Amino acid sequence: MPYINIQITREGTAPGRNAVTAEEKAALIKGASQLMLDVLNKPFDSTFVVIDEVDPDNWGWGGLPALEFRKQREASRR
Amino acid sequence: MPYINIQITREGTAPGRNAVTAEEKAALIKGASQLMLDVLNKPFDSTFVVIDEVDPDNWGWGGLPALEFRKQREASRR
Amino acid sequence: MPYINIQITREGTAPGRNAVTAEEKAALIKGASQLMLDVLNKPFDSTFVVIDEVDPDNWGWGGLPALEFRKQREASRR
Amino acid sequence: MPYINIQITREGTAPGRNAVTAEEKAALIKGASQLMLDVLNKPFDSTFVVIDEVDPDNWGWGGLPALEFRKQREASRR
Amino acid sequence: MPYINIQITREGTAPGRNAVTAEEKAALIKGASQLMLDVLNKPFDSTFVVIDEVDPDNWGWGGLPALEFRKQREASRR
Amino acid sequence: MPYINIQITREGTAPGRNAVTAEEKAALIKGASQLMLDVLNKPFDSTFVVIDEVDPDNWGWGGLPALEFRKQREASRR
(Lines give C-alpha, C1' and ligand atoms only; values in the text may rest on other atoms or scores of the structure.)
Protein backbone atom coordinates (compact mmCIF):
# COMPACT_ATOMS: atom_id res chain seq x y z
CA MET A 1 0.00 0.00 0.00
CA PRO A 2 2.69 2.51 -0.83
CA TYR A 3 2.03 6.21 -1.13
CA ILE A 4 4.68 8.21 -2.95
CA ASN A 5 4.82 11.98 -2.95
CA ILE A 6 7.10 13.56 -5.55
CA GLN A 7 7.82 17.26 -5.06
CA ILE A 8 9.49 19.11 -7.92
CA THR A 9 9.89 22.69 -9.03
CA ARG A 10 7.40 23.85 -11.65
CA GLU A 11 9.67 24.31 -14.64
CA GLY A 12 10.23 22.77 -18.04
CA THR A 13 12.80 20.15 -19.00
CA ALA A 14 13.56 21.76 -22.35
CA PRO A 15 13.93 25.33 -23.70
CA GLY A 16 10.58 26.96 -24.36
CA ARG A 17 8.70 24.86 -21.81
CA ASN A 18 7.73 26.14 -18.40
CA ALA A 19 6.30 23.02 -16.83
CA VAL A 20 6.62 19.28 -16.71
CA THR A 21 4.52 17.71 -19.49
CA ALA A 22 1.69 15.21 -19.04
CA GLU A 23 3.92 12.56 -20.64
CA GLU A 24 6.68 13.23 -18.12
CA LYS A 25 4.17 13.02 -15.26
CA ALA A 26 2.90 9.69 -16.61
CA ALA A 27 6.52 8.47 -16.75
CA LEU A 28 7.08 9.49 -13.11
CA ILE A 29 3.91 7.66 -12.07
CA LYS A 30 4.82 4.54 -14.01
CA GLY A 31 8.43 4.50 -12.83
CA ALA A 32 7.57 5.01 -9.16
CA SER A 33 4.92 2.29 -9.28
CA GLN A 34 7.32 -0.09 -11.05
CA LEU A 35 9.93 0.56 -8.34
CA MET A 36 7.46 -0.53 -5.65
CA LEU A 37 6.72 -3.70 -7.61
CA ASP A 38 10.38 -4.51 -8.28
CA VAL A 39 11.76 -3.85 -4.80
CA LEU A 40 8.84 -4.55 -2.48
CA ASN A 41 6.59 -6.77 -4.60
CA LYS A 42 3.68 -4.33 -4.31
CA PRO A 43 1.03 -4.72 -7.05
CA PHE A 44 0.35 -1.65 -9.19
CA ASP A 45 -3.19 -1.19 -7.89
CA SER A 46 -2.01 -0.72 -4.32
CA THR A 47 0.31 2.23 -5.07
CA PHE A 48 -0.70 5.91 -5.08
CA VAL A 49 1.62 8.56 -6.53
CA VAL A 50 1.04 12.28 -5.95
CA ILE A 51 3.14 14.86 -7.80
CA ASP A 52 3.41 18.37 -6.31
CA GLU A 53 4.70 21.09 -8.60
CA VAL A 54 6.21 23.88 -6.54
CA ASP A 55 6.77 27.42 -7.76
CA PRO A 56 10.55 28.03 -7.87
CA ASP A 57 10.11 31.05 -5.55
CA ASN A 58 8.67 28.65 -2.98
CA TRP A 59 11.59 26.23 -3.02
CA GLY A 60 14.68 27.00 -0.99
CA TRP A 61 18.12 25.45 -1.14
CA GLY A 62 21.39 26.75 0.28
CA GLY A 63 19.50 29.41 2.22
CA LEU A 64 18.25 30.99 -1.02
CA PRO A 65 15.36 30.67 -3.46
CA ALA A 66 16.33 27.64 -5.54
CA LEU A 67 16.98 29.40 -8.84
CA GLU A 68 19.39 31.85 -7.19
CA PHE A 69 21.19 29.03 -5.46
CA ARG A 70 21.53 27.13 -8.71
CA LYS A 71 23.01 30.14 -10.49
CA GLN A 72 25.47 30.73 -7.67
CA ARG A 73 26.47 27.10 -7.69
CA GLU A 74 27.06 26.97 -11.43
CA ALA A 75 29.14 30.16 -11.25
CA SER A 76 31.32 28.69 -8.50
CA ARG A 77 31.95 25.53 -10.53
CA ARG A 78 33.45 27.36 -13.44
CA MET B 1 -3.19 18.99 18.61
CA PRO B 2 -4.07 16.99 15.55
CA TYR B 3 -3.08 18.05 12.06
CA ILE B 4 -5.03 16.43 9.24
CA ASN B 5 -4.02 16.65 5.61
CA ILE B 6 -6.66 15.62 3.07
CA GLN B 7 -5.42 15.11 -0.48
CA ILE B 8 -8.02 14.76 -3.21
CA THR B 9 -8.14 15.12 -6.97
CA ARG B 10 -9.39 18.48 -8.21
CA GLU B 11 -12.70 17.50 -9.78
CA GLY B 12 -16.39 18.05 -9.18
CA THR B 13 -18.80 15.78 -7.38
CA ALA B 14 -21.64 16.44 -9.82
CA PRO B 15 -21.95 16.90 -13.61
CA GLY B 16 -21.00 20.40 -14.70
CA ARG B 17 -18.70 21.05 -11.77
CA ASN B 18 -14.94 20.82 -12.03
CA ALA B 19 -13.93 21.29 -8.42
CA VAL B 20 -14.97 20.61 -4.87
CA THR B 21 -17.25 23.42 -3.62
CA ALA B 22 -16.64 25.66 -0.61
CA GLU B 23 -19.55 23.91 1.13
CA GLU B 24 -17.97 20.50 0.57
CA LYS B 25 -14.65 21.80 1.89
CA ALA B 26 -16.39 23.14 5.00
CA ALA B 27 -18.03 19.73 5.46
CA LEU B 28 -14.64 17.99 5.22
CA ILE B 29 -13.18 20.40 7.80
CA LYS B 30 -16.10 19.96 10.16
CA GLY B 31 -16.22 16.18 9.81
CA ALA B 32 -12.48 15.70 10.32
CA SER B 33 -12.48 17.96 13.39
CA GLN B 34 -15.52 16.14 14.82
CA LEU B 35 -13.75 12.81 14.33
CA MET B 36 -10.82 14.03 16.46
CA LEU B 37 -13.23 15.12 19.17
CA ASP B 38 -15.26 11.90 19.11
CA VAL B 39 -12.38 9.42 19.02
CA LEU B 40 -9.53 11.24 20.77
CA ASN B 41 -11.34 13.88 22.80
CA LYS B 42 -9.47 16.71 21.10
CA PRO B 43 -11.19 20.10 21.31
CA PHE B 44 -12.03 21.80 18.01
CA ASP B 45 -9.59 24.67 18.54
CA SER B 46 -6.61 22.32 18.68
CA THR B 47 -7.21 20.71 15.26
CA PHE B 48 -5.86 21.98 11.93
CA VAL B 49 -7.17 20.59 8.64
CA VAL B 50 -5.43 21.28 5.32
CA ILE B 51 -7.05 20.22 2.04
CA ASP B 52 -4.81 19.75 -1.01
CA GLU B 53 -6.53 19.64 -4.37
CA VAL B 54 -4.37 17.75 -6.84
CA ASP B 55 -4.67 18.00 -10.62
CA PRO B 56 -5.82 14.57 -11.92
CA ASP B 57 -2.73 14.42 -14.19
CA ASN B 58 -0.61 14.62 -11.03
CA TRP B 59 -2.26 11.70 -9.28
CA GLY B 60 -1.21 8.17 -10.11
CA TRP B 61 -2.90 4.88 -9.31
CA GLY B 62 -2.31 1.47 -10.82
CA GLY B 63 0.81 2.76 -12.57
CA LEU B 64 -1.28 5.24 -14.60
CA PRO B 65 -2.64 8.77 -14.31
CA ALA B 66 -5.68 8.35 -12.08
CA LEU B 67 -8.38 9.10 -14.65
CA GLU B 68 -6.99 6.51 -17.06
CA PHE B 69 -6.80 3.93 -14.29
CA ARG B 70 -10.37 4.61 -13.29
CA LYS B 71 -11.62 4.16 -16.85
CA GLN B 72 -9.69 0.91 -17.22
CA ARG B 73 -11.06 -0.35 -13.95
CA GLU B 74 -14.65 0.46 -14.81
CA ALA B 75 -14.26 -1.23 -18.18
CA SER B 76 -12.91 -4.38 -16.54
CA ARG B 77 -15.84 -4.51 -14.15
CA ARG B 78 -18.43 -4.64 -16.85
CA MET C 1 -8.64 8.63 -4.64
CA PRO C 2 -8.22 10.47 -1.38
CA TYR C 3 -5.16 10.17 0.81
CA ILE C 4 -5.59 11.33 4.39
CA ASN C 5 -2.72 11.87 6.79
CA ILE C 6 -3.64 12.21 10.45
CA GLN C 7 -0.89 13.49 12.75
CA ILE C 8 -1.45 13.23 16.47
CA THR C 9 0.68 13.25 19.59
CA ARG C 10 1.57 9.83 20.96
CA GLU C 11 -0.39 9.79 24.21
CA GLY C 12 -3.32 7.96 25.71
CA THR C 13 -6.94 9.09 25.83
CA ALA C 14 -7.50 7.76 29.36
CA PRO C 15 -5.46 7.63 32.59
CA GLY C 16 -2.96 4.79 32.58
CA ARG C 17 -2.64 4.67 28.80
CA ASN C 18 0.29 6.17 26.93
CA ALA C 19 -0.80 5.67 23.36
CA VAL C 20 -3.81 5.58 21.10
CA THR C 21 -5.28 2.06 21.04
CA ALA C 22 -5.74 -0.15 17.99
CA GLU C 23 -9.51 0.31 18.38
CA GLU C 24 -9.16 4.10 18.31
CA LYS C 25 -6.94 3.87 15.23
CA ALA C 26 -9.54 1.69 13.51
CA ALA C 27 -12.20 4.28 14.41
CA LEU C 28 -10.10 7.07 12.90
CA ILE C 29 -9.62 5.04 9.71
CA LYS C 30 -13.30 4.21 9.45
CA GLY C 31 -14.46 7.74 10.21
CA ALA C 32 -12.10 9.39 7.75
CA SER C 33 -13.06 6.95 4.98
CA GLN C 34 -16.75 7.46 5.72
CA LEU C 35 -16.27 11.24 5.48
CA MET C 36 -14.84 10.87 1.96
CA LEU C 37 -17.80 8.72 0.98
CA ASP C 38 -20.38 11.06 2.50
CA VAL C 39 -19.00 14.36 1.23
CA LEU C 40 -17.21 13.43 -1.99
CA ASN C 41 -18.82 10.13 -2.93
CA LYS C 42 -15.49 8.31 -2.90
CA PRO C 43 -15.78 4.53 -2.47
CA PHE C 44 -13.99 3.02 0.54
CA ASP C 45 -11.48 1.11 -1.57
CA SER C 46 -10.10 4.30 -3.12
CA THR C 47 -9.18 5.95 0.21
CA PHE C 48 -5.87 5.58 2.04
CA VAL C 49 -5.48 6.78 5.64
CA VAL C 50 -2.07 7.09 7.30
CA ILE C 51 -1.81 7.89 11.02
CA ASP C 52 1.44 9.42 12.32
CA GLU C 53 1.96 9.31 16.07
CA VAL C 54 4.36 12.07 17.08
CA ASP C 55 6.33 12.14 20.32
CA PRO C 56 5.04 15.09 22.41
CA ASP C 57 8.60 16.53 22.56
CA ASN C 58 8.50 16.73 18.76
CA TRP C 59 5.26 18.70 18.57
CA GLY C 60 5.33 22.46 19.04
CA TRP C 61 2.49 24.87 19.67
CA GLY C 62 2.64 28.42 20.96
CA GLY C 63 6.42 28.44 20.51
CA LEU C 64 6.81 25.65 23.08
CA PRO C 65 6.82 21.86 23.21
CA ALA C 66 3.12 21.00 23.14
CA LEU C 67 2.77 19.65 26.67
CA GLU C 68 4.30 22.80 28.15
CA PHE C 69 2.02 24.97 26.06
CA ARG C 70 -1.03 23.01 27.16
CA LYS C 71 -0.11 23.40 30.84
CA GLN C 72 0.46 27.12 30.41
CA ARG C 73 -2.84 27.49 28.62
CA GLU C 74 -4.80 25.63 31.25
CA ALA C 75 -3.19 27.71 33.99
CA SER C 76 -4.14 30.95 32.21
CA ARG C 77 -7.77 29.81 31.89
CA ARG C 78 -8.23 29.37 35.58
CA MET D 1 20.00 16.95 5.38
CA PRO D 2 16.97 18.70 6.74
CA TYR D 3 13.80 19.14 4.74
CA ILE D 4 11.42 21.82 5.99
CA ASN D 5 7.87 22.21 4.75
CA ILE D 6 6.14 25.48 5.63
CA GLN D 7 2.38 25.56 5.08
CA ILE D 8 0.66 28.93 5.25
CA THR D 9 -2.59 30.42 4.07
CA ARG D 10 -2.37 32.34 0.80
CA GLU D 11 -3.00 35.90 1.97
CA GLY D 12 -1.11 39.15 2.24
CA THR D 13 0.66 40.54 5.31
CA ALA D 14 -0.44 44.12 4.62
CA PRO D 15 -3.62 45.81 3.37
CA GLY D 16 -3.94 45.65 -0.41
CA ARG D 17 -1.85 42.50 -0.77
CA ASN D 18 -3.37 39.09 -1.31
CA ALA D 19 -0.29 36.89 -1.12
CA VAL D 20 3.05 36.53 0.57
CA THR D 21 5.71 38.45 -1.41
CA ALA D 22 8.85 36.99 -2.97
CA GLU D 23 10.88 38.90 -0.35
CA GLU D 24 8.90 37.32 2.48
CA LYS D 25 9.40 33.89 0.94
CA ALA D 26 13.13 34.51 0.69
CA ALA D 27 13.13 35.55 4.37
CA LEU D 28 11.33 32.33 5.35
CA ILE D 29 13.86 30.26 3.38
CA LYS D 30 16.82 32.09 4.88
CA GLY D 31 15.47 31.97 8.43
CA ALA D 32 14.60 28.28 8.32
CA SER D 33 18.01 27.38 6.87
CA GLN D 34 19.77 29.53 9.49
CA LEU D 35 17.82 27.75 12.24
CA MET D 36 19.14 24.36 11.02
CA LEU D 37 22.68 25.73 11.05
CA ASP D 38 22.37 27.34 14.49
CA VAL D 39 20.67 24.47 16.31
CA LEU D 40 21.83 21.36 14.44
CA ASN D 41 25.00 22.56 12.73
CA LYS D 42 23.63 21.68 9.28
CA PRO D 43 25.35 23.52 6.40
CA PHE D 44 23.12 25.65 4.18
CA ASP D 45 23.60 23.47 1.12
CA SER D 46 22.11 20.42 2.84
CA THR D 47 18.77 22.07 3.70
CA PHE D 48 15.70 22.13 1.47
CA VAL D 49 12.75 24.42 2.27
CA VAL D 50 9.37 24.04 0.52
CA ILE D 51 6.63 26.64 1.07
CA ASP D 52 3.02 25.61 0.41
CA GLU D 53 0.51 28.42 0.05
CA VAL D 54 -2.95 27.12 0.89
CA ASP D 55 -6.20 28.77 -0.17
CA PRO D 56 -7.98 29.99 3.03
CA ASP D 57 -11.05 27.92 2.08
CA ASN D 58 -8.84 24.84 2.22
CA TRP D 59 -7.53 25.49 5.73
CA GLY D 60 -9.61 24.49 8.71
CA TRP D 61 -9.27 25.46 12.35
CA GLY D 62 -11.77 25.14 15.15
CA GLY D 63 -14.01 22.99 12.94
CA LEU D 64 -14.47 25.89 10.48
CA PRO D 65 -12.78 27.36 7.42
CA ALA D 66 -9.91 29.36 8.91
CA LEU D 67 -11.15 32.86 8.09
CA GLU D 68 -14.51 32.18 9.75
CA PHE D 69 -12.79 30.78 12.82
CA ARG D 70 -10.54 33.81 13.06
CA LYS D 71 -13.51 36.20 12.89
CA GLN D 72 -15.36 34.24 15.56
CA ARG D 73 -12.31 34.22 17.77
CA GLU D 74 -11.71 37.93 17.46
CA ALA D 75 -15.34 38.63 18.24
CA SER D 76 -15.18 36.49 21.39
CA ARG D 77 -12.09 38.34 22.61
CA ARG D 78 -13.75 41.72 22.59
CA MET E 1 15.66 19.75 -6.55
CA PRO E 2 13.21 16.91 -6.12
CA TYR E 3 12.09 15.65 -2.75
CA ILE E 4 10.49 12.20 -2.74
CA ASN E 5 8.62 10.78 0.22
CA ILE E 6 7.93 7.04 0.10
CA GLN E 7 5.43 5.76 2.66
CA ILE E 8 5.17 2.01 3.11
CA THR E 9 3.87 -0.37 5.75
CA ARG E 10 6.52 -1.73 8.11
CA GLU E 11 6.58 -5.39 7.10
CA GLY E 12 8.96 -7.83 5.47
CA THR E 13 9.05 -8.85 1.81
CA ALA E 14 9.78 -12.50 2.61
CA PRO E 15 8.63 -15.02 5.26
CA GLY E 16 10.47 -14.58 8.54
CA ARG E 17 11.20 -10.89 8.01
CA ASN E 18 9.22 -8.15 9.67
CA ALA E 19 10.70 -5.07 8.02
CA VAL E 20 12.16 -3.79 4.81
CA THR E 21 15.93 -4.48 4.73
CA ALA E 22 18.69 -1.89 4.40
CA GLU E 23 19.41 -3.26 0.92
CA GLU E 24 15.79 -2.76 -0.14
CA LYS E 25 15.86 0.79 1.23
CA ALA E 26 19.04 1.51 -0.72
CA ALA E 27 17.33 0.13 -3.86
CA LEU E 28 14.33 2.44 -3.31
CA ILE E 29 16.65 5.43 -2.88
CA LYS E 30 18.67 4.55 -5.97
CA GLY E 31 15.61 3.83 -8.11
CA ALA E 32 13.77 7.00 -7.14
CA SER E 33 16.86 9.15 -7.77
CA GLN E 34 17.44 7.45 -11.13
CA LEU E 35 13.83 8.17 -12.11
CA MET E 36 14.36 11.90 -11.48
CA LEU E 37 17.49 11.81 -13.62
CA ASP E 38 15.88 9.85 -16.45
CA VAL E 39 12.59 11.75 -16.68
CA LEU E 40 13.47 15.26 -15.48
CA ASN E 41 17.23 15.38 -15.96
CA LYS E 42 17.83 16.12 -12.28
CA PRO E 43 21.36 15.28 -11.07
CA PHE E 44 21.64 12.76 -8.23
CA ASP E 45 22.98 15.31 -5.75
CA SER E 46 19.86 17.47 -6.00
CA THR E 47 17.41 14.70 -5.00
CA PHE E 48 16.36 13.84 -1.45
CA VAL E 49 14.45 10.63 -0.71
CA VAL E 50 12.75 10.03 2.66
CA ILE E 51 11.25 6.61 3.45
CA ASP E 52 8.54 6.44 6.14
CA GLU E 53 7.77 3.00 7.53
CA VAL E 54 4.26 2.95 8.92
CA ASP E 55 2.96 0.41 11.43
CA PRO E 56 0.24 -1.67 9.67
CA ASP E 57 -2.24 -0.68 12.41
CA ASN E 58 -1.70 2.94 11.37
CA TRP E 59 -2.46 2.39 7.70
CA GLY E 60 -6.04 2.32 6.53
CA TRP E 61 -7.49 1.14 3.24
CA GLY E 62 -11.06 0.28 2.38
CA GLY E 63 -12.23 1.77 5.68
CA LEU E 64 -10.24 -0.83 7.63
CA PRO E 65 -6.75 -1.31 9.04
CA ALA E 66 -4.75 -2.36 5.99
CA LEU E 67 -4.04 -5.95 6.98
CA GLU E 68 -7.73 -6.64 7.56
CA PHE E 69 -8.62 -5.08 4.23
CA ARG E 70 -6.03 -7.19 2.46
CA LYS E 71 -7.37 -10.42 4.00
CA GLN E 72 -10.93 -9.51 3.06
CA ARG E 73 -9.89 -8.69 -0.46
CA GLU E 74 -8.01 -11.92 -0.94
CA ALA E 75 -10.97 -13.89 0.40
CA SER E 76 -13.34 -12.15 -2.02
CA ARG E 77 -11.08 -12.98 -4.96
CA ARG E 78 -11.19 -16.70 -4.39
CA MET F 1 -2.18 29.42 10.93
CA PRO F 2 1.16 28.06 9.83
CA TYR F 3 2.09 24.40 10.05
CA ILE F 4 5.79 23.62 9.85
CA ASN F 5 7.17 20.14 9.36
CA ILE F 6 10.89 19.71 10.05
CA GLN F 7 12.41 16.44 8.84
CA ILE F 8 15.91 15.59 10.06
CA THR F 9 18.04 12.48 10.36
CA ARG F 10 18.01 10.85 13.78
CA GLU F 11 21.58 11.49 14.94
CA GLY F 12 23.39 13.51 17.58
CA THR F 13 24.98 16.92 17.19
CA ALA F 14 27.98 16.03 19.35
CA PRO F 15 30.20 12.95 19.85
CA GLY F 16 28.59 10.36 22.11
CA ARG F 17 25.04 11.42 21.30
CA ASN F 18 22.82 9.53 18.90
CA ALA F 19 19.80 11.79 18.74
CA VAL F 20 18.72 15.40 18.86
CA THR F 21 18.15 16.47 22.50
CA ALA F 22 14.91 17.80 23.98
CA GLU F 23 16.61 21.21 24.33
CA GLU F 24 17.50 21.24 20.63
CA LYS F 25 13.94 20.28 19.73
CA ALA F 26 12.62 23.11 21.89
CA ALA F 27 15.01 25.49 20.12
CA LEU F 28 13.74 24.35 16.71
CA ILE F 29 10.13 24.87 17.83
CA LYS F 30 10.86 28.29 19.24
CA GLY F 31 12.92 29.43 16.26
CA ALA F 32 10.40 28.27 13.67
CA SER F 33 7.51 29.93 15.54
CA GLN F 34 9.52 33.15 15.91
CA LEU F 35 10.20 33.14 12.16
CA MET F 36 6.44 33.04 11.43
CA LEU F 37 5.91 35.95 13.80
CA ASP F 38 8.78 38.02 12.39
CA VAL F 39 8.11 37.50 8.68
CA LEU F 40 4.35 36.91 8.50
CA ASN F 41 3.12 38.44 11.73
CA LYS F 42 1.54 35.17 12.87
CA PRO F 43 0.96 34.92 16.64
CA PHE F 44 2.67 32.04 18.45
CA ASP F 45 -0.57 30.31 19.31
CA SER F 46 -1.51 29.87 15.67
CA THR F 47 1.65 27.97 14.69
CA PHE F 48 2.13 24.19 14.86
CA VAL F 49 5.60 22.65 14.46
CA VAL F 50 6.09 18.91 13.92
CA ILE F 51 9.59 17.40 13.97
CA ASP F 52 10.15 14.06 12.22
CA GLU F 53 13.32 12.19 13.09
CA VAL F 54 14.25 9.87 10.24
CA ASP F 55 16.56 6.87 10.55
CA PRO F 56 19.70 7.61 8.44
CA ASP F 57 19.10 4.38 6.46
CA ASN F 58 15.74 5.85 5.42
CA TRP F 59 17.16 9.11 4.07
CA GLY F 60 18.62 9.21 0.60
CA TRP F 61 20.79 11.85 -1.05
CA GLY F 62 22.89 11.57 -4.18
CA GLY F 63 21.26 8.24 -5.00
CA LEU F 64 22.68 6.68 -1.80
CA PRO F 65 21.75 6.27 1.85
CA ALA F 66 22.63 9.66 3.34
CA LEU F 67 25.56 8.59 5.51
CA GLU F 68 27.29 6.92 2.55
CA PHE F 69 26.74 10.00 0.42
CA ARG F 70 28.17 12.23 3.10
CA LYS F 71 31.32 10.09 3.41
CA GLN F 72 31.80 10.06 -0.34
CA ARG F 73 31.35 13.80 -0.50
CA GLU F 74 33.84 14.51 2.25
CA ALA F 75 36.40 12.21 0.60
CA SER F 76 36.00 14.05 -2.72
CA ARG F 77 36.55 17.41 -1.04
CA ARG F 78 39.94 16.52 0.35
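Which chain is which? They are A, B, C, D, E and F, in the order written, and residues in each are numbered from 1.
Going forward, contacts are C-beta pairs under 8 Å (C-beta built on N, C-alpha and C of every residue); 3 or more make two chains touch, one makes a residue touch a chain.
Just so it is clear, the model here is predicted, and its values are computed rather than measured.
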item	value
Touching subunit A and also subunit E, the following chains	C, D
Chain pair, D-E or C-F, that carries the greater number of C-beta contacts	C-F
Centre-of-Cα separation between subunit F and subunit E, whole angstrom	22
Set of subunit C residues in contact with two or more other chains	1, 3, 7, 28, 32, 48, 50, 59, 61
Chain-level touch network, classified as line, ring, star, complete or other	other
Touching pairs - complete list by chain label	A-B, A-C, A-D, A-E, B-C, B-D, B-F, C-E, C-F, D-E, D-F, E-F
Subunit A to subunit D touching residues, read off their complex	7, 54, 57-65, 69
Subunit E-touching residues of subunit A, taken from the complex the two chains share	1-9, 13, 20, 24, 27-28, 31-32, 35-36, 38-42, 46, 59, 61, 66
Residues of subunit B defined as touching subunit F within the complex	1, 3, 48, 50
Contacting residues of subunit B [partner subunit D, same complex]	22, 25-26, 28-30, 32-34, 44-45, 47-53
